[in-house]
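Both complexes shown next keep subunit A, but they swap its partner, so subunit B is in the first and subunit C is in the second.
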Partner chain A sequence: SPTGDSWGIFTFLCAALCNLPALPALNCSEELGAGQSIQQTYDLTRYLEHQLRTLAGTYLNYLGPPFNEPDFNPPRLARAERVPSATVDLDLWRGLTDNARLAANYRAYSRLLCYLRVLDGQVGTAELRHRLAHFCASLQGLVLSIGGVMSSLGYPLPAGPAGPPTPPGAPAAPNDFLKKMDDFWLLKELQTWLWRSAKDFNRLKKKVPPAVVTLRLEARGF
Partner chain B sequence: DSHIQYERVGADVTMKCGSMDWDAAVTWTANGTDIDESRLNGSYLILKNVDLSQSGQYSCYEGSSWHLKYQTYLRVGTPPKEPVLMCRSNNYPKGFYCSWHLPTPTYIPNSFNISVIHGTKDMVCEKDAVPKNRCHIRYLQLFSTVKYKVTLTVTNALGKNFTTLTFDEFAIVKPDPPESVVAKPVPNNPRRLEVSWQNPSSWPDPESFPLKFFLRYRPLILDQWQHVELSDGTSHTITDAYAGKEYIIQVAAKDNDIGTWSDWSVAVHATPWTEEPKHLTTEAQITETTSASTSSFMAPPTTKICDKGAVVGSGAVAVCWTAGLVVAAYSVLFI
Partner chain C sequence: SPPLSVSPAADPAVISPQDPTLLIGSSLVATCTVSPDFPLKAEDLYWTLNGRRLPAASYAALGPSTLSVALARLNGSRQQSGDNLVCHSRDGGILAGSCLYVGLPPEKPVNITCWSKNMKDLTCKWAPGTEGETFLHTNYTLKYKRRWYGQDNTCQEYHTAGTYSCHIPKDLALFTPYEIWVEASNRLGVAVSDVVMLDILDVVTTDPPSDVHVSRVGDLEDQLSVRWSSPPALKDFLFQAKYQIQYRVEDSSEWKVGGHRRCRGTAWGGRGSRCSHLLPLQVVDDVGNQTSCRLAGLRPGTVYFVQVRCNPFSIYGSKKAGIWSDWSNPTAASTPRSERVAGGCDPKGGEQNTTLRRELKQFFGWVKKHAYGCSNLGIKLYDQWRVWLQKSHKTRNQVGKEP
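After this line comes the complex of A and B, so read on.
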């Protein structure tokens, strides 16, 4: 960890560079902010995970049996693959760069949000609509938060989906039961992503602590 | 020739003397002891409603020549009851282990077969040499939405039984308890105890998968625990210990986000720092020189509830003051 002296030097340099009018604007506080945004994003995933537990319980009851049975363990149908999966090879996950790690989260939640919004338009009860709307709003917040972390670290945001995702060749569910299966897997993937994100952001927290000493001069085109 | 025969407790067993005719003259022995003829039906040995004590070696000898015609080892037992299976990940994200046992013994050899299915994939659970009845699996993928289904089948000569567990990757995460728990008094602080511990050594990656901790402590003389939850760090200072009281302290661990709490660590004992009562030594010298009958005019420390610095506001305050007056009165006598 940085000693008091090197920290002092860093802030001095930062202040000096930021005040030179000839240089392009160097927002030194972005590095400092990244650590805190990561913590906030982590906290947000935990909050969402908690919210999802209530939402999923209500929604699965709305779908009815067998979806609301705790032992329900259906095979994964091919059509369910369009929902982004959090599952990843262990070594691959470990070796992800910060950029790749953040981008995977950003892409996943953007798409999951789209799917959830489609769901929101279809559900029957007012209570469910209300809960879904609230959850979508929080999830939107998470996407923005991840985007914020990426920007502050100088990473480009991945290109988001244009509209409601309908990949070519994947038709809407042909019957009511399969539609419910889609919903079931959507919620499951969402839950798994939130668990994974907690671990992703733990890793990021350690690599980008609140007080970062390295200057990202290279990224600024110096 | 000799072989092994398995029979259920309570069964009726008929042993034939090999290829000998029913009406041949034979002698049966059980573990070398002759069996009474009343148990025989011709040359057949009849054992009714067998129990465990009847396990042993049974031999059949031809009457006159005393040739050994047949020998069998009878093992009385039971078919297996439904086994007890437990799976747990104490080394997340490396993998998990499953361990099992039978609720009641069968008294005969059993073989166990374990199968693990993850979605459509069959996984191999590698058996551990020690302890027995345990196997472990390495995760190939992390953050899986598909559940694991573990089936344990137990088979013996008298029957078979099985049990199944289905679980999510996250549900079975339970670390081992924290290790090397140490509690020390803090010099010049009669109400503090410094506790420190280490991550369990089986937890492979505390950097990416940090643990949080739960500390509980109480003085030995009380039953009620006090609890502190700590989201990071492996040390904590207790600041509200009762002065002079011996404490028992334990710590538990949990992954920050998933799974369940570990078992409690080994308990450690510690007593907060107490000041050496200097005036006692001078008084003791006076009592010795005057050769008083009582060796000490202060009650033994362990039974006293009125130590210096005892918690103010306890119900024992009134008693403290009375004892204090008594002590003062006695000390005046000995001056």
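After this line comes the complex of A and C, so read on.
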């Protein structure tokens, strides 16, 4: 009978809970929080990477060939450098402090979010606008998540959100074709950043304070 | 091979015309002029359109570093963001590009229909004119104004009921005619629809009826009783309502609209039979705020899905028909199946059922002639008739064999 089943589940849960070791002392909760946040941020970058594949596919089809061709590789004009680049020297990347690593991610995504929002305002079809809006919301979530990790580790957030989408010295595209190229590179850079972030957060995960690792083992020993 | 490295100062080449707008079928001559900083000649260049290389036969060198291409009888743009006409260097690198917008000016939007939900707002939809495809991004703007007051208003909330729709949420006056029209514009021109004139009160619709209940009618195998409440949103306004019921069997996708009038041609147990008389139901038995009706001619022991919708057709005494609401969420109920008499003679049991059905057929034929519409009067009459039947042996012998 249904009631019999609920009682069964309830008693099982009680037994399980009663057998757990005492929860870790509160003074360790901050590091636990950071560990979980890093994991969540990592998961979010993987999710965004997946979402970006669909978004980019739709957007590049909207731009039309050759932009949606798999081997398309246009010149990277100076104007495109207003988008922060993910590619960095390997030794430099390895040597980044946790703070610098997180700050680079935070700054990059804040900037990228701004540019994407501008895109959202200009794009033609309703379907694209809808997808872009959804992606921007998720990306905003990522920025907040990174901010959360930084706060829980005691690092200050990088000064202010990104400046206006077109800072002085890098004017908006002078013609529609160049604008398409900018859009292409924006999506490419976004993709590269998400790949890089997965590695960044993987690295950060491994550097979680040892105290937390011990606690986890105790929990598992039950 | 890797693309050409680029000097940060200048664009490698310039295309003319840059991002032109053209009518379908027109021709175009475009030129690509390499910047003096670049060591390229006209013969080092080639063109592509949407990724496809254009034939060299259409090229012409207009100068040492200028190559032109002739495009004839252009088709509508492949994508609304513009066709990509690109000037390349020999190794495939991109030097410059131009977006071609080839299409048609918009046609007059047509078929503007509007409806107001409970007189609070107005939603309108339209169709984009006969051709539809302009190949260019076309913007639609819905405008409206009160007939004798000058100011034009623009609708802001688009796509609420499909692509070509707009929603006006507030500040609408009643008892006054509105002029409504749609403007379509794209890079090649503007088109304005005909003006539609309407009064909000003439296009009122409402929520579907709430609390739809479907229940059996005693033991009657072929009937179900449907009850619902009139939509509360319009209760303060003087209106009458028409209702329609539609119902179907659980495993069929075919809806039958109507009510107590049994559809001719529906055989017992017959499948796939079509209802030739689809009659809307008139309102009856408006008991307080409840309304009800009886479905008859149903199959015994069958699950039916029932939906009801409402038409507020006489708002403030307006003579015009309102607009039908959406159908209510389907409500399900099953007709009873008569039980065979224990230890009974099966063949006779079957005959008894046939007898019962035949009786009902005759009864409803009688009802049609003598009592209009769905009403509780029916069941009392039927019971009376049954009693009368049982009392009178003669009648029973005429109808069928004794059980």
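As a working rule, the second predicted complex is superposed on the first by the 177 of 222 C-alpha atoms of A that agree within 3 Å, B and C clash if a C-alpha of one lies under 4 Å from a C-alpha of the other, contacts with A are read in each partner's own complex, and residues count from 1 in each chain.
Keep in mind that, in the parts below, a contact is a pair of C-beta atoms (placed from the backbone, for glycine too) under 8 Å apart; a residue touches a chain by one contact, two chains touch by 3 or more.
Computed from a predicted model, the values in this text were never measured in an experiment.
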### Task
Tell me which partner A:159 touches in the superposition: subunit B (first), subunit C (second), both or neither.
neither
#### Entry: Contacts of A:195 with subunit B and subunit C, given as first, second, both or neither
first
### Task
Identify the partner contact of A:203: answer first if only subunit B is touched, second if only subunit C is, both if each is, neither if none is.
first
### Task
Give one of first, second, both or neither to describe whether A:185 is in contact with subunit B, with subunit C, with both, or with none.
first
### Query
A:93 contacts which: subunit B (first), subunit C (second), both, neither?
first
### Task
Identify the partner contact of A:76: answer first if only subunit B is touched, second if only subunit C is, both if each is, neither if none is.
both
### Task
Overlap the subunit B and subunit C contact sets on subunit A and report the shared residues.
73, 75-76
### Query
Which residues, counting only subunit A, touch subunit B once they are in their complex?
46, 49, 71, 73, 75-76, 85-90, 93-94, 185, 188-189, 191-193, 195-196, 198-199, 202-203, 206
### Message
Considering only the defined contacts, which subunit C positions touch subunit A in the complex?
### Response
3-6, 8, 11-12, 15, 18-19, 48, 50-52, 78-84, 86, 93-94, 96-99, 137, 159, 163
### subunit A partner contacts - residues on subunit B that touch it in the complex
93, 119-120, 139-147, 149, 166, 170, 207-210, 256-258
### Touching residues on subunit A, where the partner in the complex is subunit C
61-67, 69, 73-78, 124-126, 175-178, 180-181
